[in-house]
């Protein structure tokens, strides 16, 4: 059994994604970059408020077949592949598991996840369940799951068959080394090579959105403030001045929209 | 695009429903008034502990078709109908969305909902999802949803097609202007014209239920205290006296039941 | 209508299960005792953090048929069987309901559950819903449910037909008197006669797991500490000494594994 | 193990239902008699063109539990309850099985069904599967099933637990002795005591429907011919004369409708 | 109640689609024209071997609500909207029904469909059921359905609410007047304005596919014959000569592919 | 792209399975050999009456991701992996496809399947769909599918990613080279090394079952004839004599059962 290691992104890139790119920002921008749907259907946040960003190590479960997954796996723990994905994981990694949507197998229990946390692991994304949730929710890992169960990983229908191979999880293809952005909105899968572009685009937005949100909270008109209109621009300039920020410049997208709006009148 | 406004109930009626009618009381009484099932299956409380009562403005999504929902909608925000349902909403309103159960479209994001809150909106009921949940859950709106997602409203399968038309949401027909009562039990749809009757009936019940609940908490017998029996009546009279409440009168329904109970002995 | 009483386990057994056997421990050991899957799929914890252990009294709902469940049940509360399962329940019991997965019937409401709590009831497990959740979640009962609804128990599709008969709940057969162990992982059904064996086995494990967990938290190697290896044994002996615990003895299972591990080298 | 026999309807009643009452006629009239939904969702016709009418003998499967359904059942065929429902069946009976919607258990195979056919059995209705379908479809029995499978009855998740008890099948309550009407539209469950009324009502309809169908086939106007209008009545009288049938009399329902139609003009 | 008529395509266009465009050809070409998924999930062929092409008249069902769909609809047939969609239908039309996937409502019965056939109707597409299938399957209409049932159209959960409005059926948006192409592969929805282009593209393909299919049947190599390779072209020329067909000309798409294939060598 | 070939069983073994082992016999005996559930849930017979037996070549689809499955695949057919599984197939093979249950992708169309048939292919098993069913059903291949669609293989959600790798299909693990037995009961997966044992066991059964079936058809008692009882043995001896068959010998299993039956009396 040889398990390939993954290629990991730079710490700097991860930090930037962590700071500026929510799963929602990622999904929206990936859509504009040609990835139709990077969102996993199924796994939801079981640790509300937690956000994690990191590369994916992957584990594939398959339907159990007694001539393939035999007694040996029960007696020799080192034959159990769900251990090996944790061996392959490094600090900052996220374990992503294709558990086939199974709701009666707990892919990991508290000892496995304690070990993963001890190594510096960030979180676990499973199209299925874990067990020992009363303890696991206290470990400080992020958990995105379909459910929880008292059953162990091979108790009923599935068994772990491969580590660090391409998998499907929640209807999305995950390649080992893809970057996972997971928060309360759920899990977005970011192809490693597109991640730097996400950071770039996210910072462009953030600029005027704080101003707009403030105005909307006060009962401002959506048409005026989101996206920001030509009419609101001077007000925005004032706002920046008041906040000791440098004067803003409208980007091309804005200018085109303002021109279009004028043409309609 | 002309969007009809809805007819809104009186403030007083809303206040009375708010104070006395839970979704459970509404569902039970509506059943007795001939409405078999006013409960939406699908949307559940994402803001636990919150209760809202108000008239419904409605938004209908349809399966996306590229020749109908085209590029224009992407470039001209004012073509996007999910904005228009918010324009049509007034303070005290609840937005109800037929999102066809879709789990990969976030019908509204944080800027939209901030605007809605800024206008005095109360809550959102969706047979589908919102996005930006990490922020949206803090806005002070009530949210009844099937889920959350990082995807935007037209990223995958659906698009908004009509505002303030009759819709189906969670298997219940909702007419614009129907009254929504939503709490931790979920969402009940109240036909506007039946709402005053609900208030009337709810107050009749509330009278002796506090007494009964207190007795049951102390280990009292269900047969004696719920519904209240003839045997427990004197005890109830005492209890009211002790609480400085006016003496009670058994209603016709009670009297009939007591008579029936005697006949069986 | 005669309702059979159940046979209840000893207080002592319940206390031991309560202290030492989580639903996860129960499921794992039952699997090794030949029960393939004791876990209910469907009902999940609606009262996070609560654990209950107790014997099951059972209630069976059936699809409503108007010639069988008629008007009488509406007018004479004592004909309603969901009341009778509560009459049959004693302090320490858990009510388990086959509600057929129905999501629009609230099998119990706040008055019923207040009565059950008043009697010393521990919790309710339903392959369906309750109503009045805003109140019910505060009663101090454990609740494992598929959902909540404002509808009452016979408002739509089902009605209660039998008490203390064998039922299916969440895909598991439950006999009246089976022992329920329910916590945040969900609900495990323990055949009464296997319960003492569970206690015995659970205590055997607990011995070295605290040591191992501590090591894993500190970044220790899974291969060394879980399950505990021969190499880690002296370290474990030291740890026990430091904690003023008597010296450990490796069990047969461990010895066999250590021997196997050596043979591989 | 004592199994109750069922009460069977008269041959004459069965013959009349067979001749005049389709499952569609039964469902419609039962609705008017207060039975909201007598139709089984799930089992569909696997023997197209076949219609059967007869009393139900029932078999209840439950989720398999290894301490209840043990080895004995495998080795002693007479412990297997799916045999006993066939022993309890008489010529003209229909076996109705609550198989819990399971798609990987073949409740009966070809030897069982050959025996049932040999006894004069009419058909089988299962909220689940049979096996040996290549042979079973040739036996001359009517089969309404959710599917077929090569697996035997207790190979995976369920086992037979009771015979001639009330069951749920396809979301409908079936009492032993209820009358089953099954054809290409599916399966309707008729409470035994309502069956005679169905025969009576069905014959009232049949009278003018042949005439109307003929006219509609020729392009006649629905408003004129279905239900039959006052304007078409003379034409109908002629048609009956031409077919050597006695002159018709409009029933009360018709007269009321004609009066209503006139009032609208 | 005013019901809009639809705009119907020319007879000639329908004839050409009928002759040359299967639902599979339509789906493939629509994909290339930017319509991602014109295929209805849910309704399948209940009349195998039948193909129909025609414009859609539409009927929308909604969840039943007793204060909206009242007694009048039961007593005055002309209030029932499922009749009106048939009044609005002309010879050559196809009725498309949004029945919300409901499996216990028979949207039409044999009298309705006999009338529709009598008018020259071609077929019915329903995201739900019909009733009286034993008769309806013999009428000569094409039927694409999710199922069949003995229940009538408003017996359980839904009622017809609008005619010739935009609907969703099987996850596809259908506008009144869209062209339906339905055969054993299922139902494809063709926006009216794209239909002529489909005819044009379909004929381009058909040219060499007969030759290729013949070769593949004889064990020919897929790489050589499908799509047709430069190497097979002389053989194709011979084949046409032998069949007395004019000499072929490779189209631009072919030439580009041949060039690409050469470049790879 | 290198694709591994599979190891194929002997012609003789295939012939024996073809003649003596139905999918039902296979499933039952595999269960007794320790394989709990070899039956695929999902794919059903679309070519009724056809049975195929042969080794599996496998194709794995994955959720489509635009950065992985790009434009090239659309323009260069030789990049499309669903072609390569057919290149890898030999006469007598069965193509098994993990299409992830997708109902809007037609994994193969008529040209692909015509080529496969031309090579001597036997059948196709897909946890999903094909397209061009009007033609494909006439090709003489066996087809086990979840459905049919007009859409092509990568039109919506999935794309082919690997050939001759282990896959899951219908909830069963399939290794390349496993033997498929498919008939009207569905599809059973037989691990290659267990196939000879199946042949051996099947012939043991067939011996007396013809006699028993004949008796049951004539109304014989199940207890007497199935499994065959000691009382019926002389009758069976006579029957064989009459059919000019050699005298029978009861096997060990029978003798044990007869002994058990006697003990009970």
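Per-chain residue numbering starts at 1, and chain names A, B, C, D, E and F are given in the order in which the chains are listed.
As a working rule, contacts are C-beta pairs under 8 Å (C-beta built on N, C-alpha and C of every residue); 3 or more make two chains touch, one makes a residue touch a chain.
Since we're looking at a predicted model, the values are computed, not measured.
S.K.: List every chain that touches both chain D and chain E.
M.R.: F
S.K.: Test of understanding: which option in B-E, D-E or C-D shares over half of the contact pairs of A-B, residue numbers taken as the match?
M.R.: D-E
S.K.: Measuring between Cα centroids, which chain is at the maximum distance from chain E?
M.R.: Between chain E and every other chain, the largest centroid distance is to C.
S.K.: What's the chain with its C-alpha centre farthest out from chain A?
M.R.: D
S.K.: Give, as an integer number of Å, the spacing between the C-alpha centres of chain E and chain C.
M.R.: Comparing mean C-alpha positions, chain E is 52 Å from chain C.
S.K.: Where the centres are mean C-alpha positions, what is the separation of chain B from chain C, in Å?
M.R.: Chain centroid spacing, chain B to chain C, equals 33 Å.
S.K.: In chain D, what residues contact two or more other chains?
M.R.: 36
S.K.: Among line, ring, star, complete and other, which best matches the way these chains touch?
M.R.: other
S.K.: How do the chains pair up in terms of touching? List each pair.
M.R.: The set of touching chain pairs is A-B, A-C, A-F, B-C, B-E, C-D, D-E, D-F, E-F.
S.K.: If we count contacts the way the header does, which residues on chain B are in touch with chain A in the complex?
M.R.: Per the stated touch rule, the residues are 75-78, 83, 86-87, 103-104, 106, 109-112, 114-115, 117-120, 131-134, 137, 147-152, 155-156.
S.K.: Could you pull out which chain D residues touch chain E in their complex?
M.R.: 22-28, 31, 36-39, 41, 44, 49, 51, 183-186, 188, 209, 212-213, 216-220, 222-223, 225-227, 257, 260
S.K.: In the complex, go through chain D and note every residue touching chain C.
M.R.: Residues of chain D touching chain C: 34-36, 62-68, 100, 157, 161, 166, 168, 171-173, 175, 191, 193-194.
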